[in-house]
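Here chain A shows up in two complexes: once beside chain B, once beside chain C.
Right after this comes the complex of A and B.
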């Protein structure tokens, strides 16, 4: 296909090597991104991706103050990247601009403290999960929320998750010899599965094992995305380097990494290397061998290797929101392709751009109202579909949609695990009985 | 819920690609559209230009495309319209009109007549089909008009358009509104304004502000911001409130009127079970035995393969990004590296004057196809590959004003071909 050098160069360019800021030269000022931006649509505080990204980018230089602080109102959903006809990496330009503001000390201390706390789910998990009943009580009490707002400017109604009673990695460790196979995959659980929703990891392991894989759960850190999106690049790079150290040897043995958190897998594949301009050979190995779980299952399906026989029917009609962080993988809708295999299950896809939460964005008092306004069309859609549960791949979106609608959310892999006959936990268990 | 069969993969989501997918999905084919981003539909005026000028250097617009097209076809038998034939062109126009009517957004016109509608600078623009929201701007009618601008919308200069119309003998005045609802803004966009227009209290404020300036105006023109999903209702409500015909003037991209067509076509494809994915750039392919076996798209990790029975290339020409050029004088089709018809010598790419009435030869570059829209290099290159829209060679879309007509007609033809 690449039968002349020029074409080959185009292909390489399209992959990894194009420095983020240089893509702003591809901007033709057509404003399509502005029409698609869900934040611009609801607030004047954010003039739009073109203005704060490629346009203001021309006036940003190292060692000089940022000309434009409205870039901090970008929620990182990447819808702009998806609709850009010329391939400008707008969201990444915005992310790096925010980091520049953070590094040059232009963020007030209270907010910097807050951002550093909510951007460390691993730290919160390590302290909070062992004391789950107490921590949950405190985090979800009016008293706790009052002080979180007072001291740290955390939105009183922020869709914070609940710590789970059991750490996922403990469960995985206990059953590590359950299945032995030459076909192995590495599972990246991320912080949400480890500390808040172990049931997602269990479902993933069960599905992979049912397809004949031995699942390795290595020691791992937070992927670093919350730190990246809060402009704390040095701390994010420390996490990313640690994850590479923990996992790259498995990749070198020929095993791939599979994750259930769409934003974690996007970070391992692309966000960390691009935002940090961190393109070591090991980082590239990780990029080339990390899969979202449904991306991986679609590969198996295409190769005729996915277990599709004897699936339990699921007579349900459910709303599914393909999260913006998943669409940003540019894979289409792999989860929809897999859910379509489950007999009697009707999935109605949302057309909404974004749920609004943007990872930690919606936890911030000054941004909470924007989050809710961005998410409103999606919340309305979920309530119209009126299923007993709704489906979404990304954890912070699940928590946000559930908090806004009162409808419990599950990860699509939980549906497949249940269709395989495994005992569901959480909201799905109540629906299936 | 059943998976759709992998019947037709369409690369590109402009008017040609979406029309192909709409037609194929209408015939029950399992269709996937992949596109690098949004494009042509967001850039064009939301009308269907079929043939505005012929010969291309003509000073006067064609008044009747149906009467002029045979001359074009006789002079240029390689023209995409010649491959489509006038009957299929008419069927494509009728099909789109039907689809848009069903969506509550009628497109008005026929092949027998070009409208002359005002542009954002007050020039006359020949076009074949226009949304009902634009028709009252017809410049064959010389009744007085009032043009309404918004202080916060920098993309529409009401005074400029009005001055130019007056010079052409159309009595036109202008007013620029500074509404309290927009007072806090330095600027707004056409899309945001279209969303505001869908709120009844905002429309009432607009009507109240316009009324004192109506004078003898028999019709009122706005930039094309009269609603996105609810354009017909917004348009009718303003006509009632102002007591006279109201029309829209399309302006700078992104075009709200173009986005309406995008929404209608995308909804039709999805209703028929098709998928439309943006942010998916085709970067390569695999072939075997004279067939394309897979198309590869760029993703966050590694290329994804799409295996489909039939493949339609609708990535556009040089303007749309389907064909790229470089300083070394190479002209290249970006997905399949197909052989192209283009000026051999780089010195022949452009004429001396930017606005030369003959147009620039480089913009006629494109893929040569047979009567079944299969790319050719003396012989058919791949049995299951087709091309539609501005990717095709041999027409002067800019001077002819034939972008939309060629996109629609070839997309319609290919969508039906791959369904047989």
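Right after this comes the complex of A and C.
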């Protein structure tokens, strides 16, 4: 596999896939997850993974109302899954329990509207991005935030991003014929790159092209994670099916999919099929052939195919937070490995479990304080490292850390693109001049 | 020796005995009940958990079917807090005869058991884990019943009407004067003393032990013990009672009870209702048969295995025939054996306990020469725990909903079964628990996946705090309980449960060194059932 990582695996072995709830049977009550969960550590409102997952799971049943609500305080970080010695899929059990609460109409109207809205970054992007200056002005004004809280219970200090001036896909489309190659990869940009941080996508394309790949940017939808984590499973499934439709033919032609958003790639790889119990052959093909960009680059590196010569030195000491959604890929630290190639760059890795934002979680007024408490050790760490910027692979985490610390954040791929000699944009541009 | 006196003495604190004492009390008799352990310690607390609709007997035993459906309707009305309306299916699997379905339907019609055939698609929508190869499915009003709570509730009703309930009182022998039974000599296990109880009439409701009791008055009642083995899977893979649609046999029903699903049972004669082994073939058979109903069954975690004993009654005399047509046995020893003041009621089902009590107390009235109508069919049985932990309905999610509503997650003692500190304290104080096993029957501690591996220590701590006994006593109470839990685990130690028990064992032996805490290894109050007997029994075998 290491030799032709860019070639899709088409023989997906058949295995029986069981609903995630059945994994609760493996819980041996050891409490390891409870000691590791970052949310339960900071609030009494959340009884912890063991209780809301495998234990409460025994009291829920498909035909009956979901009698619980504390599970909604799980932020989906998956730290519990990572530490559980017996393989209980706690975070997924929680996600499905939340979906059951949502489906049975137990969420009050105002919060329901809010959740419907923030679970649809694609929709917000489609409407907001063309009006970027106005939308940014409004969203970031005290006025806008006041009404967001009043009408929708959105946290007034929520780490809202800014719409970018140009949609990433438009930029990509304009230069679609710039590089031609037999080695092709499909790039999944996700909503944040598309509407808020086009610079991340540009860096990814630059790096891939520098390594001789032609980058295909197919039309695509939101991966559906915000919908999944707000319990809107039907809508999430519609997105997932649409993404499969748009991308599976490329896979069948032998190309793999890479993404820069660790949450999007985790969703395509694992979360959508597991949470939705959606395991069609096409879904499985997509699952098996989706890679995080640094996972992909490390494979190239191992095969001796990654461009590592002539990298521009970067005399910086930067804090790096491997986001929980990235650790959940169970890949080690691919970004750290790649950043280590850049001369003179010193990366100090955070040991914090989670920044607290949990995708859309930290935007909710009732959860904002928990988010800040969870993220505190990380925020302190970033400030102690005292770099001009900090690094993180996941968008909402970047926005959250930046809002909490005042330190701007970049995606690690931006560092490699800059080391390859491409002109950086955004916070990195300011540091590099 | 202490002595007591009452009008009617009932022996046995199972469903039948508590049913009888409640009926007696409601009809205004002075009465007392003696139970050698805790209420529901016998078969009642070790049964399958099914409120029969009668479907199971519709073809084989129409009388029993009619009794069941009559009582099913009454019990749903008088004790809703003990019954979960799961509904029931009778399913024809590929191993069964398709044509039996028609006989079954006809049987249900003849015995007035409501029954409708539903489509397989509908069945799978309701119960997606059932075998898709099932060819026919019939819906009947089966239910799931909490016999611990029911027994407690019925006993509390009796007490409210003046009855005396004496637990941990073991009948050593009946006291006979000439051709009359005039009471029983009992042993108070807690106080370690003998108590003679005089009574005008003694009702023997000792289930599979009924023969032993009668024997002490030189009355021969041929009751043998028929063991039935059951296995609980760790959660509710089905939400409906699922029966195979065929002649009743081994391992053909899965009952969802609280958080678990139970497959059962076998039926094997054993020499002693107190001590019997669960055989590997029984476990294998249950696993094999369950998989015919729920194909994924073998992949589930098995939580526990246990057995209950049916009284297998064989009449040896030409008897009072009035009730032999019934599915239970009422023996009036005055007409049968010429021994007055003594009645035996045995057999039947949990579902028919009330009717059994009614015919028994009717006979008591006759013997004592009075006419007092029965009212148990219209007397609602209150929930004695309502004050303590407010369970009004019985359904799967109730405990979770309660804990969530009170945000009592920080108060959990048994985390699996969601028993809180308030539950446990109530069971110890108001419930007058004598052992942790009594607490378990009241509030389900230690009945979850870890089988007490974590919560027992917490319960022991609360026990010690509230009762302030010498530390040795608390220690032995803890050991008694865990030793009993392990007996039910040995037959099913594989997969996740094996991992669990390894962790539990390490906590018990290493982390807490509970085996070597000061105090005796076992006590006489320790739950005695299964093979081998308790350490206390083997140490006192010579006595």
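Before moving on, here are some points about what is shown:
Quick note on the criterion: the second predicted complex is superposed on the first by the 416 of 433 C-alpha atoms of A that agree within 3 Å, B and C clash if a C-alpha of one lies under 4 Å from a C-alpha of the other, contacts with A are read in each partner's own complex, and residues count from 1 in each chain.
Everything below uses one rule, namely that a residue touches a chain if its C-beta (ideal position, glycine included) is under 8 Å from a C-beta of that chain, and two chains touch if they have at least 3 such contacts.
All figures in this text were calculated on a predicted structure; none of them were measured in a lab.
In the superposition on chain A, A:32 makes contact with chain B only, not with chain C. By the touch criterion stated above, A:380 is placed in contact with neither chain B nor chain C.
Of the two partner chains placed around the shared chain by superposition, neither chain B nor chain C is touched by A:214. Looking at the shared chain after the overlay, A:329 reaches chain B, while chain C stays out of its contact range.
After overlaying the two complexes on the shared chain, residue contacts for A:58 are found with chain C alone; chain B is out of touch.
In the superposition on chain A, A:44 makes contact with both chain B and chain C. Put simply, more of the residues of chain A are touched by B, taking chain B and chain C as the two choices.
In the superposition on chain A, A:290 contacts chain B only, with no contact to chain C.
In the superposed pair of complexes, A:67 makes contact with chain C only, with no contact to chain B. Using the contact criterion defined above for the overlaid structures, shared-chain residue A:86 touches chain B and also reaches chain C. Chain A residues 30, 44, 47, 86 lie at the interface with chain B in one structure and with chain C in the other.
Within the complex formed with chain A, the residues of chain C that make contact are 126, 128, 234-236, 239, 259, 296, 299-301, 395-401, 404, 407, 409-410, 412, 415-416, 418, 448-450, 453-454, 496, 499-500, 503.
Every residue of chain A that touches chain C in the complex is listed here, in rising order: 18, 22, 24-30, 44-45, 47, 50-51, 55-70, 86. Touching chain B in their complex are the following residues of chain A: 1-4, 6-7, 10-11, 14-15, 30-32, 34-36, 40-41, 44, 47-48, 81-87, 266, 269-270, 287-291, 295, 302, 327-333, 337, 339-342, 345-347. Listed in rising order, the residues of chain B touching chain A in the complex are 1-3, 32, 34, 36-39, 42-43, 184-185, 187, 189, 191-192, 195, 253-254, 259, 275, 277-281, 283-286, 296-302, 304-305, 307, 320-321, 324, 326, 328, 330, 332, 334, 336-337.
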